[in-house]
Structure formats: C-alpha cells, structure tokens
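Some structures are shown below for you to check.
Shared chain: subunit A. Partners: subunit B in the first complex, subunit C in the second.
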Partner chain A sequence: MRHSFLDKYSNLNSFIHELDPRVKIITTLFFLIMVMITSPVFLWAFLIYFLIELIILIISKIPILFILKRFLMVIPFILFIVIFAPFISKNGYAGSYNLGILRNLGGGFYNINSVLVIMNVVLKSFLSIIALILLSSTSPFSQLLLGFRKLKVPSILTNIASFMYRYVFVIVDEVQRMIRARNARNYRGKWIWQSKVVGSIIANLFLRSYERGERVYLAMLSRGYNGDLILNYKYKMRWIEWLYLIIFFVILTLIRLFIG
Partner chain B sequence: MHIPDGFLDLKTALTTAIASTGGLGYAVKEVRKKLGDKHIPLLGVTSAFIFAAQMLNFPVAGGTSGHFLGGALAAILLGPWASLLIMTVVLVIQCLGFADGGLTALGANVFNMGIIGGVFTYYFIFIPLKKALSKTKRGFLTASAIAAWASVFIASIICSLELAISGTSPLNLALPAMAGVHALIGIGEAIVTVVVLAIVIQIRPDLIGEYSESEEET
Partner chain C sequence: MFDDKELAIEIEDLSFIYPDGTEALKGVSLKVRQGESLAIIGPNGAGKSTLLLNLNGLLRGNGLIKIFGIKINSSSSNLKNIRKKVGLVFQNPDDQLFCSTVYGDVAFGPTNLGLNREEVERRVKDALFKVEMGGYENSNAFHLSYGQKKRVAIATILSMNPDIVAIDEPSSNLDHNSQIKLAKILNSLLKTKLIVTHDIPYAALLCDRAVILDNGKIVADGLFFDILLKFELLEKHRLGLPPGFSIKKLKEDKKKLL
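Up next, the complex of A and B:
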C-alpha cells in the first residue's frame, strides 16, 4: 500500500487545525482568487502572499518538503507553457486576450511578454498549490467535506465524495495489485494496440468496484441507511474564527489596494 | 488535462465555473429523480473506480503513454448525468486530496472533462451514432469507440482554447499540439473503452442501460 494522502498532516495540533473548516475554505478561495487577479508585474504582492502562506505554514507545522514534492505535479504543465511562451505576441500582456497570429517564430527569443507569461504561471501555480495543501492538510477530509456541505454544496455531492474518499484507497490497492500481476507476467506496453490489456484490467476493476458498491449499499440498507449520512461536525464559528476571517480579508484587500 | 491554479484568468475561470455549476445543478436534480439518494454508496464506489482507472497508463507509441480519462465510459455505463456527478467528485478529490488540478480551475476542469467529455459527447456523438449504426453489439461498440475518441479530442481542444483565452498559451501553436497529441491518446481511450464495454456486456449486460434487450438478441 503506497498511497499519498494529502490530509496526512490533518491530525496535527495547531491553531490553524482547530479553526472551523468553513473559514479555511472561504479564506482559501478568496486567497486563490486574489492571486489569480494579481498581475505578475507586482512582485511585492506575490512576496506578501508567500509570506502569509509561510506564516500559516509555520503555525500549522506542515513540513515544507511535503509541499515542494506536491509542486512537482504542476511541472509538466509549466513546461507546456514555457515551450509555447516565445510565440506569444509582444503587444499583449500576460493574462490578457491573446489570439494573435504567429509573429516572432523566426526570432524565437523570449520577449518580455513571454517572460511575464511564464512568471505569471509559475508564481501563481506555486502559491496556489501551497494554499490548497494548507487547506487540505489542516482539517480531516471528512470534516472538510462537511464544511462544504454547511456552505450549501448539495449533500448528494459531498456524500458521494465522502464515500469515494473512503473507498478510493481500497480500489487503488486493487488496481496496484492488478498492475503488479500484469507486470509479473512480462507485460511491456510499448504500442497503442497493447492498450487492450489495460482495457481488460479496467473492465475487471469496474465489475469488482461496482459489485463492491452493490454490496456496500445492501449492507448499509440493512443497517437502516436512508440516503443520508449523519456525521458529527465538530466545529462551530467562535469569535476567533470571525476575527481570523476579518483579518484575512482586510490584509488581502489592502495588498490589492496598495500594491496590486 | 487537469488545469492547475494560476493558469486561467478570472473571466475564463468564472465563465466555465458558471457553466459547470448550471450543468451540475441539473445533474443533481436528474440523479435525485432517477436514482434517489439511496444510490450514493454505489456512485461513491464508482467514483473511486474512475479515480483508480485514471492511474492506469496505456502505451501510445514507443514507450510514451497517456492515461485513461473515462468520461465517455462513465457516461455510457451510468448515464450522462450520473457520470457528470462522478467526474465532478473525482476532480474535487483530486484537487483537494491530491493537489492535482486547481480549485479556481475546477469549473474549467469539470466543464472540459465532465460536461464536454461526458454529457456533450453522450448526447451529440454517442446517441446519434448509436441510432445511425446497426443495432448490434458491433454497432454499439463502434459508436462508443468514436464517442470515447471524440471526448478526449474535443476536451483537449476546449482546454487549449481556455488557456489561449486566458493568455497563457498562444492558440495557433498550442491548439494543434494539444489536439494532435490527444488525437493519439484518444485512440488508446477508444480501445480501452471498447474492451471494457465488451467485457461488461458479456458478464453483466444489465449494468449498461443503453444496451437494450433487443440488441442482445440480434
């Protein structure tokens, strides 16, 4: 079993961990939107965003290395942008409309605009990944989902999500066993027609998961399940939550007003 | 194809988020009416299946690989609206639980892979093809193969359009590159989808709503 849980650090003990997940959801979303609408030329703003994250990171005792590892996931996307950035025309600016025709293919140099595009993407995705990890590493996943539900996300979605989160590790274990079995039988997929093997694994996996789902459903039904999950939401909005929310909003709005 | 945070600008993120929320609202109503809240455990486990299936890489050419998306497969197996819910949940878990795909880009990702790759392909490619082709197992599988290929291909085009409108990548180069790569990956997706459906038809034909009794007899 080699899974990477993101809520691995969610049961640490800190001020941030004790906050109501609703507050964390709202502040994270607000933070992400603020990061999104800040133009990449305002480096100071990004520095302050980073400092805010660093402070929360230190208070919540999440290891930094863990976050850096997660950032690796975005690298293919950044490469995609870096490859195409030289061909972005000079007269647009990053984040602006740009459907212009190829102008500087011959030159092939990174003009100031393409540098901005790359900076834009790298800075924003880095800050956003940290924010997302801070959100999911400071509250247990089930409580986070309940927080979403309290914020009026339809219960059917949060319930499916909490079931999924419960079973995903079982199914992933299953698929890893199947992959191991396949590789042990000398599978070396190289060409597209060999995808058939993957197809039969997925078919098997689907039937097994579906039948597991049916069994789970029947087992729950016989124990009085009526379509809703009753879970205990541990948090409530205390004055400290409101204070955190207000301070957060004020600081970000100030940055936006005076720097961004 | 999971767009991370920071790659889209506000207008693109907002537009796709509104479109996805609309689609989801309808899907929630539709699934509640047809399946009821009681089927949630089943949908949950099926979402876990899609998540796990997306971990499987299939070979494309000479050692490179693409990974399975499953939008078309889920729509054909479980119906388009249930599949939209499932794809959304998968994307939310990938975003929050594994930092794969962004939170502000969630609207765009749901739009590309759930609405375009699932609902749209189902109603505008799979169903018309199924009606046009002969009502046999072969016809059914052909329709699903084309739908699976199209779901990946169209979703990749929409994805590069979103990136271009956000000003993150130039349309005239990124679009052919994305579409070209995904035209190939789509073939893998089609092969996998057909193999899965063929096996499921053999073992549990009752699970595929669209594969009716009459087709079984012919």
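Up next, the complex of A and C:
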C-alpha cells in the first residue's frame, strides 16, 4: 500500500537541503517568532517575509503546488475565525468580543477590528505553515529529529516523534485492512449499527498498537536499550551555515526595525 | 551427554507462568552445544516464543538458564552481558525495526554496546552486506518488502556480533525465493543457531537437530531426519508434514544450499 511521505521532498539536492538541520530549526523558529510579533497593519513586512520564503522555496526546488496543497489543511481553522469575526467589537482591541452583534448589523457585518483579526490570522498562518513545510521538506525526518536532539530537546520527545514517523504508516495500513475486511462482508445498515462497528475498529486498533508497543519495547531491550535512540548525525556547522544564520538574523531584524 | 565446556545454552527445569495464569512452560530442560543449529518445533501456542524470550532475560521464569556457563540473573550488568551474547530476531519485522531508517535500526544495538562511531559504521555495513541489503542504509523500513524487512531484522542482530542467534518463525509470510535466499544467509552464519518454527521442512533445511515442544514440555529431542520419520509422534503433536513431502527431496535441497 502506498502513502505519501511526511518528508516527501527531503531527498532533493539543493543548497538548502545540504544545510545543517540545526540551522534550519533555529532560523525557522526565529522566523515564526518574528512573523507572530509583527502587527497585521504592516503589509510590507509580510510581503518581504513572503519573498524570503519564496526565495528559499525556489532555491530548494520544492514544487509550489505541493506547498499550496499542504496549506489547505489550515483552512478549516481560518474558516472558524472568519465565522466568529463579526462578534469582535468595533472599538475594543483584537481579542475582545461583542455579543450585541444584531445591533451592529445595520452598519455592516464586519468592522475594521474584525477585518484586522481575519488578516492577522490568514497572513500569519499562511507564512507559518509555509515555513514549517519548508523545514520538514528540506531535511530527512530522522536527521531533523537528530537536529532537535542536538539542540538539547529531551530525548523522550524526539523518540516519540521518531516512533510516530515509523509506525504511522503501519497503523494506517492496519486501518485500511480492517476497513477492507469490513466492506468485504457487505457492511451496511443503520448508522447506530455502523457507529458500533467503527467503535470496535478503534478499540481493536488501540489494543493492537498497545501490544505492538510492548513487542517493540522487548525488541529494544534485547538489543541493550538504555534510554536514547542515538543515530549518526551527518551534518557539521561549516562557515556557510554560520553565514546563513547571520544573514537570516540580520535581514529579519532589519525588517522588524524599519518596517514592522 | 556433552562436555559441559562446549555448551552454549543450558536450560534446566524452566517453567513460566504468564500473569493471566497461562502455564506456557512446564519444566523445560535443554542443552545446546556451541556452533550447533537447533530447531525448536511445535504447534501454535506450544510455548516456543516464551522460551525464546526467556533466553535473554526478557521474561524470567523459574529454573536455571546458563549462557556459555553464565547464569542469567536480574542484575543489569548480567543482562547486558547476556543480551550481547544472545541475539533475538522477532517474528514480525515491524516490531524489530522501529527506527526511521534502516541504518538507525542496525546501528541501534552496537551503539547501545557503547562502541565508537567508526566501529558502529563498520558493523552496520558488514551486517547489511551479510544479509544482502547493502545500500539500503537510508531507506525507511516501511517501504521495504517483507523479505527485505526480515533480512534487515536479522542484520540488526548480526551487527551486535552475538554468539547465539535465535530466530522466531524465519519463514513466515515469505515467498519461496525469499525463503531460499534467507536459508542461504542463515546457513552461512557460523554461530549457534536456534530456529523456532512450525514450518518443519524449512527448519530441516537449516538444522541438523530438532526438539519438539508441545504444551510447555519438550517431548522429543534428536537428529532432525530421525524425527521426520516418526509420523505418529509428529501427528500427535499437531505437526503433520505437508502433502507431497519427501525426505529424499529435502536432502537434495539441503545439499544445494551448502
């Protein structure tokens, strides 16, 4: 059975792909913080943020369509914000709500404050998601985790992520097999009966995963497991990494000083 | 029976009861010499896998187990030592391969042994070469075929350079070609081997000696070809031979493998 990779384009060859994942983690984090603390009225700043991402995107040769598709997954969240935006009061600050929506209706559904909130959410989520996709698509997942590990992220967190990456496909396969086996036996009926079947599939999956966890742990113990999944980290900090890091920090700080 | 100095595994009166009350092993005694290939055959639920898990202290039953003369106890230094000597390959390679790359899985054991990086790398390369999986270091285990996974699972043990290799159901879910390939690889390993299976013809390709384990007890022990002739014994323990099976053909196949 085929599944798309989480890190589908991580094996391309480009300048960005060859950088030490630690550099990419730090710059991404810095970028996210800068985007978050920029006020939504400074549209030029957002345009420059986007241009930076676009440049990295072009250097790393990742198809734009792929990134746009991934962006679709945040649309439900944005939709919720848009639905609730009319409740945002006209003269309060962002985050204060007005339940007297009906009184405002005559003067237009959305006021300036709610438009700002919507812009804030749309722009920032768009930029953040692209930044994260760029991070996850330019380094192999295992090396990325090691990068986090080298940056002193607790091993328990990186181990959990590593197991997730390894077993998510196995579990998806199991679900697909169960669903197929269910459909092969003429699965139909009232929704109440259907929900019962879905419930038992979920319970089954939980038990199987639980037991698999135990077996995996035994397999780890029998190879002398003592707390850390240490692997080979391929990267070193070269002068080019330091240069990239410095240029990135300088540009973002300048944007913040002069535009944001 | 044997000179005790040559013994790789010595089990005396081992019994094991699971927390739910299932008596999986009821007084198993077994001696395995160094360099020997032993098949432990038995029907489903006979206690074969439980016996394997006891061999490197993952489960602790009542009774005595000695590995190269060293008694297994629950001190961590002892367990570390034992697990270095006894490599277990689990039945389902998806349980054995838990890292995001093949390299990670094969390097896991030697890294835990505290070897330096060059040595780990050398061992990974060696082990993957032995199972004919060189060049797959950076693949994700999920994207390998079942036969490939099974071979990588064996490499994860070989990289620790154990003296005893114990494999649970090596032939399960493999097509004919993969089985033959695996048999060649296993036959080329100069180690003490334990093959746990209910696939009797396949075990006979790999091993000269067999014991039958049923209902937690060892009910027969001897040369494999002698045991194959005891149809009644096999039938009694739910271990029939496949239709069309002939010992002559098996002997020919076995010769071809060597």
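Assume the second predicted complex is superposed on the first by the 225 of 260 C-alpha atoms of A that agree within 3 Å, B and C clash if a C-alpha of one lies under 4 Å from a C-alpha of the other, contacts with A are read in each partner's own complex, and residues count from 1 in each chain.
Throughout what follows, a residue touches a chain if its C-beta (ideal position, glycine included) is under 8 Å from a C-beta of that chain, and two chains touch if they have at least 3 such contacts.
Here the structure is a predicted model, which means the values were calculated and not measured.
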Which partner does A:Y165 reach: the first (subunit B), the second (subunit C), both, or neither?
-> both
Look at A:L72 in the shared chain and tell me whether it touches subunit B only, subunit C only, both, or neither; answer first, second, both or neither.
-> neither
Counting residues of subunit A touched by each of subunit B and subunit C, the higher count belongs to B
Answer with first, second, both or neither: which of subunit B and subunit C does A:V216 touch in the superposed model?
-> both
For A:A184, decide between first (touching subunit B), second (touching subunit C), both and neither.
-> neither
Examine A:N120 and indicate which partner it touches, taking first as subunit B and second as subunit C; both and neither are also allowed.
-> first
Thinking of the overlay built on chain A, is A:L257 touched by subunit B (first), by subunit C (second), by both, or by neither?
-> neither
Mind working out whether A:I201 is in touch with subunit B, subunit C, both or neither, as first, second, both or neither?
-> first
Check whether A:S142 is in contact with subunit B, with subunit C, with both or with neither, and answer first, second, both or neither.
-> second
Across the two complexes, find the residues of subunit A that touch subunit B and also touch subunit C.
-> 5, 141, 162-163, 165-167, 170, 212, 216, 220-221, 225-226, 229
In their shared complex, subunit B is touched by residues of subunit A numbered 4-7, 28-29, 32-33, 35-37, 70, 73-74, 77, 80-81, 84-85, 87-89, 92-102, 117, 120-121, 123-129, 131-133, 135-136, 141, 144, 154-157, 159-168, 170-172, 174-175, 179, 189-196, 198-207, 209-210, 212-214, 216-217, 220-221, 225-229
Mind listing the subunit B positions that touch subunit A in their complex?
-> 3-10, 13, 24, 28, 31-32, 36-49, 51-53, 55-63, 65, 68, 73, 77, 85-86, 88-90, 92-93, 95-100, 102-104, 164-174, 177, 184, 187-188, 191-200, 203-204, 207
What does subunit C use to touch subunit A in their complex?
-> 53, 56, 58, 80, 83-84, 86-88, 90, 92, 94-101, 103-104, 107-109, 111-113, 117, 120-121, 138, 140-142, 156-157, 160
In the complex, subunit A touches subunit C at residues 5, 140-142, 145, 162-163, 165-167, 169-170, 212, 215-216, 218-226, 229-232
